[in-house]
């Protein structure tokens, strides 16, 4: 059974139709993700326009250096993911596995730094809810900022965890040789998802960490 | 109306129904037709639950002091009625049942683009409705289907979070359906089937899927924030902690107004299929009707603020939303005029689907026109949150979407089941439903302008006569809905065999045997003519 | 449809630009331009996002249809936020009566 | 016992007539279009039904002019509806100058109303004919909505801020008051009456009943008890700005912004003082959230307004 027959699902006419369907399906899913995060960005925009000062105080509670490092980590993971997709399409199995591993590593590093930041805030009682102990001015609005901080970065981290899981599956598939130039849709689609999660962070970093550096 | 059993020889050959009778083949199917049947059965059950809660509400409103149920029970009933009917019946009704069944067949494909995701969509729907039913049975939710904060987050002590999670999960069910339809219609059309030869039902489902994709996630995030706020009390919507209750209303209505177009657009698509068939006429102004569906879906996202004219929204924002709300009415008007013009010089037969289409034309027109009252700022101040609004949206959802759904079920029943239903009973039930509906909801327009607020379990005595009329109408409507359940099930066993094309209709779905084989088409068909290319003298079953 | 294979050099170049822009946005935030700070931060982020979409996600080689889908997503986010802010920012505009 | 079958609500406010005229215009346009569609559907359905004499349908080409007419004509009519409704809405939203103010506090399932002169009422509101009345409303818990069908006015009462509605009664009598925004178990019981009286009767009612302490007086007593006077000295030398004659005038903030000192500004300054700091002062004021009830804050606002006119309470 030639590789192309194996790759073609029964209800598609040909491989091009199947590839079009897969990529279009992922782009449409990414639009739902844009609107899903969009609700949070809308809430952020509303409260930042009402309480600019409080969002300034809140932003200064976030460690800019860790945030910047995380941005660099995530952008480099985007690079390695793009190279992984290229390797999959060219059928370079070893390089594919290497780049997938690199992306996986960088993703976990990002989550590690995130965990560090969260535990840092736990110790300083900066987590919204019962144990919130911020003594500065506008404490209720700063808690609101931190709600959006934890909400947005938490949802983003959840998407990172899902991405890492997908990468693990892809590495296993690549290891077993299931990914060939004609059957590389899964890697390409995972790449689109990963780059999207990176773009969300590209917007989160300035909005949460760089609100008020000049005070 | 013959009631003879099907002669053995006449039994249709191998098809998607008798391909495999095991439970496992049904619960793990990826065949879009079987998934449609799974949806049909589940939403019928949920419709009965939603309808029963409406019946109880109407009985309670027979007397001014609302003697049948306590206030708390009444609040849980109207919340249950709203949630079940909207999220668990109307939104999936035409897209998930008829859309799933017909989209691949109408474009000459063997299945939707992602069959496994299609099955996952049904399981998410079942998970969501189970959560909703459990939260209803264990104690119920008393926040109204709109979940307005801060009542839903801080002051209500009912099972809000469980219901919210149920709606959250059901939201992803419609996102998957929307994704499937958009990709299927884009990438899997048969050769020769250009966009402007597509049946208008697919244009309306494409527009509906756009709303699923662009709107449902915002509902998901607002329900998520609602749950977080209710569990952790962090102040996202709680004014005592700096939150703004109007943020929830904005996020909620950003989805929930386009959701009403999700409920009516597929119905419009059905009417665009039924009227040309039974008038034997090409649709009048195909391009205008097609683009109207897309225009409704897109402009529908700009108008949500008309739900908030008196809720503390700024005066200027109210004017912007009011202006845009009038714009969205234009495409709907274009559609109604085009359907009416299609009847001109036709050879019209009064089969049941056509009766439902006539009912739709009349009731949707009233519903649409009363929508203009609510878009007019000064009048909305008086009639907002009164029975005028209740009557308006029931004319659209029950008079419009429900009538179109029943019309669609009757139009494609021969294709789905391979059987014909008794036409006399079907026509009778259509008329009973039409009369019962009008008796139920027309008095509510008068109640509304009189100032009767909605969600009241007791009311001033001067409104009693109109309420009694409405309750009488609701019992007729209830009976009207039961009749189709009976004769359609009856037809499965005793109905006459329907050939491939009992109505003489145009469209690829009618070129397959009834019920169709699992793979729909042996060879992918080639389309050569326009949609609804009626010549005028196609014979129908009893011609 | 042949899959466009982009040379690694392009990826590395885009990567470098992205890192540079990250540094830039951090520096720009150190100066007080008042409301312009938000505009600057969002423009830089938008440029970075466009780079990722065009090159890493191959939008440049993608079909017209994919571009329309992405544009719709971005436009709807803008609709949600702009109409929401149109309410919030104009709440206090009503001319208060000169009662007192 | 079937009491009556009213088909149209009473009209007892100046704006009511305008709203009804707009309503009749909408009814007329809707009736015309509904009749047009029903008649054409009936006629076409019967005239072109399939019968031996009419077995064959005749295909008809589309027509752009027809499509344009039935898009632009409805659009034109709708623009009339929009501008007429928007103009009326603007008048509804903007109370006339010199309107008498009455304070309303909504809480789960009752309306508490306070007249500045002193009388307090539960679920009852006495107002004179012929004078514009402005209600300044606050909620203690969830969103309620002050709805008087006879006045054709409705306004949600949103917790955390003030909303206001105004009307000018034109006909004496007793009109129903509803809460029209769902607010919980006894939402249907949160109703009451608005008693519209001749001005003379209103004055008698005002002075006759056990009016008790006027609001500015109650406000001053609360102002002293909370020690506001220690920082907000009349001559402005204290740690807080002077509050003499502040309400209704613009205030210069730190950073050069100017904002109008209305009820919302006072509420924000009391419950969230760090949000806006007056120029020349420090952010030292503690929040009074939870220490002052909604009624108390309204009394303080009435007191600050009385400082305005210099009339000692």
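Think of it as A, B, C and D in the order they're written, each chain with its own count starting at 1.
Note that a residue touches a chain if its C-beta (ideal position, glycine included) is under 8 Å from a C-beta of that chain, and two chains touch if they have at least 3 such contacts.
The shown structure was predicted, so the numbers you read here are calculated from the model rather than taken from an experiment.
Should one ask which of A-B and B-C has more C-beta pairs in contact, the pair is A-B. Seen from the C-alpha centroid of subunit D, the farthest chain centroid is that of A. A separation of 36 Å divides the Cα centre of subunit B from that of subunit C. Taking each chain's centre as the average of its CA atoms, subunit A and subunit C sit 16 Å apart.
Separation between the centroids of subunit C and subunit D, computed from CA atoms only, is 39 Å.
For subunit C, the set of residues touching two or more other chains reads 65, 72-73, 76, 80, 84, 88, 92, 94. In subunit B, the residues that reach two or more other chains under the touch definition are 186, 214, 218, 242-244, 246-247, 250, 312, 315. Counting partner chains per residue, subunit A shows two or more touched chains at residues 20, 24, 28, 31, 35, 38-39, 42, 46, 50-51, 54, 140-141.
A complete topology is adopted by the chain contact network, contact being made between every pair of chains. Across the complex, subunit C is touched by residues 16, 19-20, 23-24, 27-28, 30-31, 34-35, 38-39, 41-42, 45-46, 49-50, 64, 68, 71-72, 75-76, 78-79, 81-83, 86, 89-90, 184, 188, 191-192, 195-196, 198-199, 202-203, 205-207, 210-211, 213-215 of subunit A.
The residues of subunit D lying in touch with subunit A in their complex are 272, 274-275, 283. For subunit D in complex with subunit B, the touching residues are 2-9, 18-19, 22-23, 26, 29-30, 33-34, 37-38, 40-41, 44-45, 48-50, 54-60, 62-63, 66-67, 70-71, 74-75, 78-79, 81-82, 84-86, 88-90, 92-93, 108, 141-143, 145, 147, 149-150, 152-156, 158-161, 163, 176, 178-189, 191, 272, 289. On subunit C, the positions that touch subunit B within their shared complex are 65, 72-73, 76, 79-80, 83-84, 86-88, 90-94.
By the touch criterion stated above, subunit D contacts subunit C in their complex at residues 93-99, 101, 134, 247-248, 260, 262, 264, 305, 308-309.
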